[in-house]
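Below are two complexes that have chain A in common, paired first with chain B and then with chain C.
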Partner chain A sequence: MGLNRNVSLSTALRYKGQGPFLSFILHRIGGLGMAVFITIHILSVYIEALGWKIGDILNDIYMNWAFQIFIFFCVLFHAINGLRITLLDLFPRLSTYHREALWIEWALFLPVFGLSVIVILATAVGG
Partner chain B sequence: MQVTLKIFRYNPEVDKKIHYETYNFEAQETDRILDLLEHVKGYFDGTLSFRRSCAHGVCGSDAMRINGRNMLACKVLVRDVGGQITIEPLLGLKIQKDLIVDMEPFFDNYKKVLPWFINDSPLPADERERLQSPQQRARFDDTTKCILCAACTTSCPTFWANDDYLGPAAIVTAHRFIYDSRDEAAAERLHILSETSGVARCHTAYNCTLACPREIEITRAIGELKMSMITGKLD
Partner chain C sequence: MNRSESRSLPLTKRGLNFEMLMWIFTRLTALAMYALILFAIIGALIMGARQDMNLADVLRWGFMPNSPHVQSTDVPDLGPWSTPFWRIVASGLLLIATAHGVHGLVVIADDYIVTPRGRNTVRGISIAFMLMMSFIGLYVIWTS
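Coming up: the complex of A and B.
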């Protein structure tokens, strides 16, 4: 007799795996975010073609500045983190420097994302 | 200093649900977490159950989650984690009682990678030993350090979500034999690792590397095996 082996999502997320585990979680959120975006996009085009008003509502969701910031975060983080993982997988010796690789990833991600947020917000406010 | 120890408790014969119990007492900064558990068992509640054996970081019996991270209780001092300490069992394995988990699935996976020396060729002419250069020995030195504590495997998100995944510890053991110049079953082990439950399931999250109490570069070892599968080379 014993408890189930399965680990719940909330328990898994509470594991203190430090930086690499955080990027592992953000990578999955990024992938999921992109899937949601593409699904909404396809649905809205299809529904608009049918002439239903809900298509406009879906359009408004993904054209909203907050959603644009979220989706840009998803795409950019997923891409840069994916590049880090690919390099570490292709060159296992670099794994010794995986902490440094993570710092480089954030050093690349933060300025690009920050600048993009400013542009998206400026566009949203100023048109 | 005063420590507050919050311990995961579950006795399947009595409890319907898991719960936590908290113990407050004086401890030294240089006490190990294992010392605190022994103190609770000796002075507060003799029913508290946990594994321990050598108490010197060699046997690997007392791996557990300490403040949310897999560690060996005998290798962590109070000053390393502070006075507020939460102790929980390893994730992904059935809890038998309190901090004791069922290690059987872990060892089942371990056995799958043929964790023994295989060489059916006759001994060299002197019939004494199969010699190996220092460089050949160094090739797999890191992965010989594994003590099978399961800290790596039970910190792996893929292991949590997939019953079939071999897990880092089994892969580390495979690495130890695959790159041993005296062993002759590398191809067979690589075939086992190339299956869907093998190294392809590793998502390079590094939880295993950070959890390993022997500081084995586990993710690097897995990466080397991935590359050997792609290139077919064992150098």
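Coming up: the complex of A and C.
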């Protein structure tokens, strides 16, 4: 059988899920990004311990500002969005205000992430 | 739809199965990871991180409190950072995060792999992957 959706790809791309859908898809991107990074990170430390020198190449990637901005986006968004999901799910009465919760989430995420990006870029430029 | 009515189902009719348990597991492990990371950061501050580490280093320690994560900082002695106590905290964080993360991957895969046989295959691979990453992670934490 395989993949069987009732919507075409063009309909899916035009889906206007707005804020909740944006946080849903960014939560997935963040989770996937962390899963890939942490898997590579743990495996490479293990491989290094076995004597295969792979760490220097990977460290160059981890130290790169673009990678740091990406992985910090994954971690911070997944953490803040996950806290919102957890609180709304454990206290269902709060879900009346789920749109407001999204605004609070972005009000927390944007300043913290923006400041971090500035620090990461300043460090990358200043050495 | 009246929300309070829809939530008055008795527990036996709510479908208390493995998927439901994993749903609550995901939420509770999220809170547990918040608690463990906060705990590790407070521990780092007590061990003198305020003088010897910058914020990024403290966060790196918070996300996984094992001593190689503070090797590149100005911490004078790695001894207090590599005690069995911190290895146990790191092990707890590792096991919780691995279970949470692998279950998240299964949830994503379920959106694209819909046949019972495909889903069983995904679950088999995921369990093997989770066990492998848990053991390798524990090995790294307890031998470094």
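Assume the second predicted complex is superposed on the first by the 101 of 127 C-alpha atoms of A that agree within 3 Å, B and C clash if a C-alpha of one lies under 4 Å from a C-alpha of the other, contacts with A are read in each partner's own complex, and residues count from 1 in each chain.
Basically, a contact is a pair of C-beta atoms (placed from the backbone, for glycine too) under 8 Å apart; a residue touches a chain by one contact, two chains touch by 3 or more.
None of these values were measured; they are calculated from a predicted model.
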Would you sort A:Val75 into first (chain B), second (chain C), both or neither based on which partner it touches? second
Report for A:Arg14: first if it touches chain B alone, second if chain C alone, otherwise both or neither. first
Classify the contacts of A:Ala35 with the two partner chains as first (chain B alone), second (chain C alone), both, or neither. second
Tell me the contact category for A:Leu90 with respect to chain B and chain C: first, second, both or neither. both
Would you check which partner chain A:Gly114 touches, where first means chain B only, second means chain C only, and both and neither mean what they say? neither
Overlap of the chain B and chain C interfaces on chain A comprises residues 1-4, 85, 89-90, 92, 95-96
For the complex, which residues does chain A have touching chain C? 1-4, 28, 31-32, 34-35, 38-39, 42-43, 45-46, 49, 75, 79, 82-83, 85-86, 89-90, 92, 95-96
Chain A-touching residues of chain B, taken from the complex the two chains share: 10, 12, 18, 65, 67-69, 91-96, 102, 105, 155, 157, 160-161, 163, 203-207, 209-210, 217, 219-224, 226-227
The answer for chain A against chain B in the complex is residues 1-7, 11-12, 14-18, 20-21, 24, 85, 88-93, 95-96, 98
Under the stated contact criterion, what part of chain C meets chain A in this complex? 3, 7, 27, 30-31, 34, 63, 68, 97, 101-102, 104-105, 108, 112, 114-115, 133, 136-137, 139-140, 143-144
